[in-house]
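The following pair of complexes shares a single chain, chain A, combined with chain B in the former and chain C in the latter.
Coming up: the complex of A and B.
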């Protein structure tokens, strides 16, 4: 059978690789990505492994690359996209060059950054000084005559004179704006209100030299009297991280100083821009190679990590590894190994031994871009046990179909198809989108599911004859009005009689007349409920039958008779019979007959009949009608229920008794000197060491679960009807409440109104009917598959095959 | 007769889809997958159509229409109301 039918056969292999060829061989294996290595050094901690120094080296390289990358990002240089030519893992020798190159670049970058910070802080100081000089202009202009002591001139020998004269002194500086008020209060406190502070906010923010963040600052000048106060003020300034600048009090000197500072600033700017240029030149050259270096280093690190899982031979002559390989891929692995050896010119070939094991191998389903989405839906429930039947194969169709039963609308289906088809047709281009967000990734990953869901929704919409809640009269309605004009005019509502008005059957889908009828829901409900039960029972029968495939594959033939037969009998005799009654009712009752028991008035309800059958009860039929549809029905029903009831103890006791019996036999056989082959003891599979009491309890749980679930699961399929009804009603309400308002307007205003209303209608159609309803139908379908379908045969106790693959590693990093 | 012919026609149609649909995809390596997909599609689509068809085969109740709808149907679907 095909690839998807069950997971691939796996082989546990032992790999013997020459130490010199190990690196290249593992690199080749990483490129093919079909080998899952097992850790042979579980007891050795990460720091004591063989290739730990190499891994450290790679870590160091990665750190450097990350550093340079952040610098590049800071400068806004775009890294080239290299999704098309991913480099191979580098030679261990090549890596020395790379290491040296990165080392050089990094130290250069660090040096440049250091210089830049120095120069920038220099620049900041000068700018602040300039601002101080410019801003203090306003403070001083009216006081210039006083010839104040500036802080810089308040030198030693002037002190006494200054104090003596009681002149005012001042300090000027710059402080962070948010600290100004605290600063001012502090000054006021220490001087008991004897300091006069003037300040002016700088409009433009200055840049912090280290981080580049903008900081807002304020220029201040504090006037005071006396030397003591001055020292205190200076201390406060240091405490508040205010920088003080010399500021001459005479106007001319200030002018002179401002000029001086400006020229120095110009020079500094020039130097800064040259440094900047140099930096971006260096970064630009590095940026061309950086992505490929980064990939190379990641690959190298992955290789050493893998080599750490290997075991050293006692003679230290070769490395031994253990791995799971899909049997189909064994030649590929062989080739990769020989390529690896050839690459280093090793004379001794590496070889691969398949070894026997009792362990359960990992589950590997080879998927393509179409089946991957469906496989993910199944794996989300539980990874299949090894070689178990894979429901994903059938899910490819049953999933979109059951979705479509709930989402049946040609128009809404078309929207889904267009969206899905766009993603499928442009998938190469769209696959390059790396940062589309989680929601986009989900939609894109499920593009084929969306496309199929849309296609099936279009088909079911066509059968429901529902396009945005309107019908199409493609083949000509088969219902004709026989009433004459006066009847039509006098009666507000008329029901067309089915015996004379219906001529033939509308060949494909629902007759369009139903969409216009007032009793549409009554008719559609009866149809859709039956439809849900029919498909539900079919789906479950299919699921139960799948268990046979598993039983035959695992050679548990006894289970077919002890589990499958009673299960399928139980399901078919009760619910399969109900489905039969539905079809029978469609055929046997009609309005055209004159035979009383077959007229519409006598048609019994299938559900009531089913309930009566289960309870062995009778309902009195109306006059002239039969209670049953055909003659021997009551006897048949009784027999069915009795057989179904017999199935319960059959399920409950069959398997435990069988296990008990085989165990006794085995013990007997062993006693007689036969050493029986224990693993192949048929039905006792997996129960070899379980005590009997537990087996009984397990089987009782299984039986109760199955019997109850048959009923509850059948009822659960009614969600197909419920959601389909809700969808159809919602879309009808939207049409009537929104779009038809616009269609009823007239004139120019009406045209504009319709334009707006149409927009609203489109929005609601997309947001509510397609997106929300689609999501809800999707989730219900998922549930129907996981719970109702898969519980019938699926074990899901396996673990996924996770091959060592560079592609997976690189993709995984990007997602993080 | 017409009923039988319709059922036979659609049954044959879906049988053809199930049998010859995969031919469109023979180049694909996943041959069994394609066959399974077409078979399942045909089965579910056929059964879905069949249920809808049989549900209308012997209608037990007729559509209840309002006077306006009857008149609109009469004029646009071309079966005029009888005089009288």
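Coming up: the complex of A and C.
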């Protein structure tokens, strides 16, 4: 059978690998990505496993790579994106090289960073000094006359002498701008107002050497008198982290010093730019290799993590691993193993043993880019049990179709098709978009679903004859006006009787004349309701029939008779019969007939007839009509209802009684010396150890659920009608309320008004009708599949196959 | 010269193309007096005679057809504008 029909057969294998070949073998297996390893050391702590040191080494490498990466990002160098030639896991020699390389780069980076910080703080000091010298120019212009002494540089004796002479001393420095006011107040307090402070704010911020953040600073000069005060001021300055700089009071000296500082700054700038250049050169060379290194380290780490799942042989001569492998891929795995041994030149080959097991294997559906989206829709409900029939295969068509029934509009469908086709045609280019956000990933992952939904919506739009709520007269309407001019002019409403005003049938879809009719909605409602019930019953019958495929595959033949037959009978005799009545009504009543009981006026309501059938009731037909559509209908209906009612106890008791009898027989057989093991291994049913009472209760729940859900699910399919009605009405309202306004404008402004209103109409169409309505139709379709279709046969109790694959690991990391 | 960003220019591009295609077609349908579009004509509730009505309807059909085509022409302008902007933006990101 095909790949999609049910999940692949899996085998539990035991792997014996030589320790020296283990690394390369697992690396090969990771490249193929078709093996799921099982943890054989569940009880062992993560820190006591065999390859902990190697994993630690990888962690260390990863840390270094992360550090270098942040440095590279800080410098604004773009890392190359490698997707075409992904490197393989490194072999031991490469690992050592890689480690040495990373070590060297890291230490170089750290050294450079330290030097840079040193030089930058040097630079900062010098700039501050320069600023001080430049800014104090103004402060001193008047003091120059007084011939103040720079108390900073002057020795103690001189200073004391100066004070005796009544000279003022001063300190100059730089302080953070936000501290200035507190600083000023403090100075004022300690000196009781005897300190004179002058300050000027620096316009440009200086850069913090360590972090690079801008800091705003202020230059200040404090004048004072007396040695004591000076000491106190200095203490306050250190308390406020103000840096003091020597500042000569004479103009010429200051000029001299500024010149000096400037040359030193220039030198420092040169050195700084050279270090910067060196750093970016180092980073640029590293950045070329960094992505491939990081992939190599990730692969290496994954390999050691996997090897930690292996068991050591008693003699320590080989590693033993257990894994699930799809039986189709066994040769691939064997080749990978031999490649792995050959790579290290091992003489003893690794080998693979398939072992029998009673465990349920994982579920693996091989998908391609087209089916993956649909399979994801199914898996979101529950991963199929092993070898269970896979609904994704049918979903490929039924999903877009049921969506389109609700979203039937040629124009909106075309928008979806264009969007989907663009994503499908440019998929290679678009697949490279990494950070498109979650919404984009959802759209892109479902590109084939969107394309198919659009195509089907175009088809149903053609059937409904809706293009943005307008109809197309492709083949010429089959209705014509049979009234003369005066009748038309005097009557506001006229009826077109089908027997005199219509010839033939419109070849495809709805006749466009309905767009102008007043009773369009009444007609469409009854038509679409019937359609949705017909599709619903077909869909559910198909679902119930799928259970036969499961029963025959799992060899539960008894269940076909005990579960499938009563279920399908119940569904067909009640709702299948209702569908039959719809078709019969369409065929048997005719406007052109002269036979009274077959005219449209006599056609009975299918719903009323169905209710009467269930309640064994009668309604009086109108005069000259028959209550029933054909002879012996009442008897037939009665028989159908009775058989359907009989199905309920059949479902309720059949299976538990069958289990009871088989159990008794088995006990007999065991008594006579036969062993029941073989039958058990066949997995006839999973109720082997359940007590009888529970089986009865389970079956009762199942039966009640099925009977009730048959009714509620049929009604649930009416959402097909409801949403398609809502969609058609909404698009009509949008046309009438928005676009019509633009079209009805006359005169010169008409065209410009139309231009603006058309733009608004476009946006509303996209946002409300395509996006919002599309989403709601999508969700309802999803519900119809999950609840109404899949509940008829799908168990969904399996667990997914998660192979050890480098590709999945790397993709998964990027998504995080 | 850059006025709008990459997203706005793309949006303008798409709506312009859509507007040109749909408005040219709708103009055509108005021009051939399509009955499906009769509800979108600027007509009054009542007319004195049938001839009056026909004349008014024909006038309105032609008027609407021209309006649609003129609006389509404006969309050609916005198409050119947004195409130029889109080109500028793509060149900026390429550099």
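Odds and ends about this structure:
Here is the rule we use: the second predicted complex is superposed on the first by the 690 of 816 C-alpha atoms of A that agree within 3 Å, B and C clash if a C-alpha of one lies under 4 Å from a C-alpha of the other, contacts with A are read in each partner's own complex, and residues count from 1 in each chain.
Assume a residue touches a chain if its C-beta (ideal position, glycine included) is under 8 Å from a C-beta of that chain, and two chains touch if they have at least 3 such contacts.
Note that this is a predicted model, so its numbers are computed, not measured.
Looking at the shared chain after the overlay, A:516 reaches both chain B and chain C.
Contact with chain C, but none with chain B, is seen for A:762 once the two complexes are overlaid on the shared chain. Using the contact criterion defined above for the overlaid structures, shared-chain residue A:590 touches chain B, although it does not reach chain C. Once the two complexes are laid over each other on the shared chain, residue contacts for A:743 go to chain C alone; chain B is not touched. Contact with both chain B and chain C is seen for A:489 once the two complexes are overlaid on the shared chain. Looking at the shared chain after the overlay, A:786 reaches neither chain B nor chain C.
Of the two partner chains placed by the overlay, neither chain B nor chain C lies in contact with A:575.
When the two complexes are overlaid on their common chain A, residue A:498 makes contact with chain B while staying clear of chain C.
Measured by the number of chain A residues touched, the leading partner among chain B and chain C is B.
Residue contacts after overlaying the shared chain place A:473 against chain B and chain C alike. Under the contact criterion defined above, the residues of chain A that touch both chain B in one complex and chain C in the other are 473, 485, 489, 516. Across the interface of their complex, chain B is touched by residues 1-5, 368, 371, 393-394, 396-398, 401, 405, 459-460, 463-464, 473, 476-477, 479-486, 488-489, 491-498, 501-502, 504-511, 513-514, 516-520, 522-523, 526-527, 530-531, 534-535, 538, 583, 586-587, 589-592, 600, 603 of chain A. By the touch criterion stated above, chain A contacts chain C in their complex at residues 470-473, 485, 489, 512, 515-516, 736, 739-740, 743-746, 750-752, 754-755, 758-759, 762-763. Of all the residues in chain B, the ones that touch chain A in their complex are 2-3, 6, 10, 30-33, 36-37, 40-41, 44-45, 47-49, 51-67, 69-71, 73-74, 77, 79, 81-84. On chain C, the positions that touch chain A within their shared complex are 15, 18-19, 22-23, 35-42, 50, 60, 63-64, 66-68, 70-71, 74-75.
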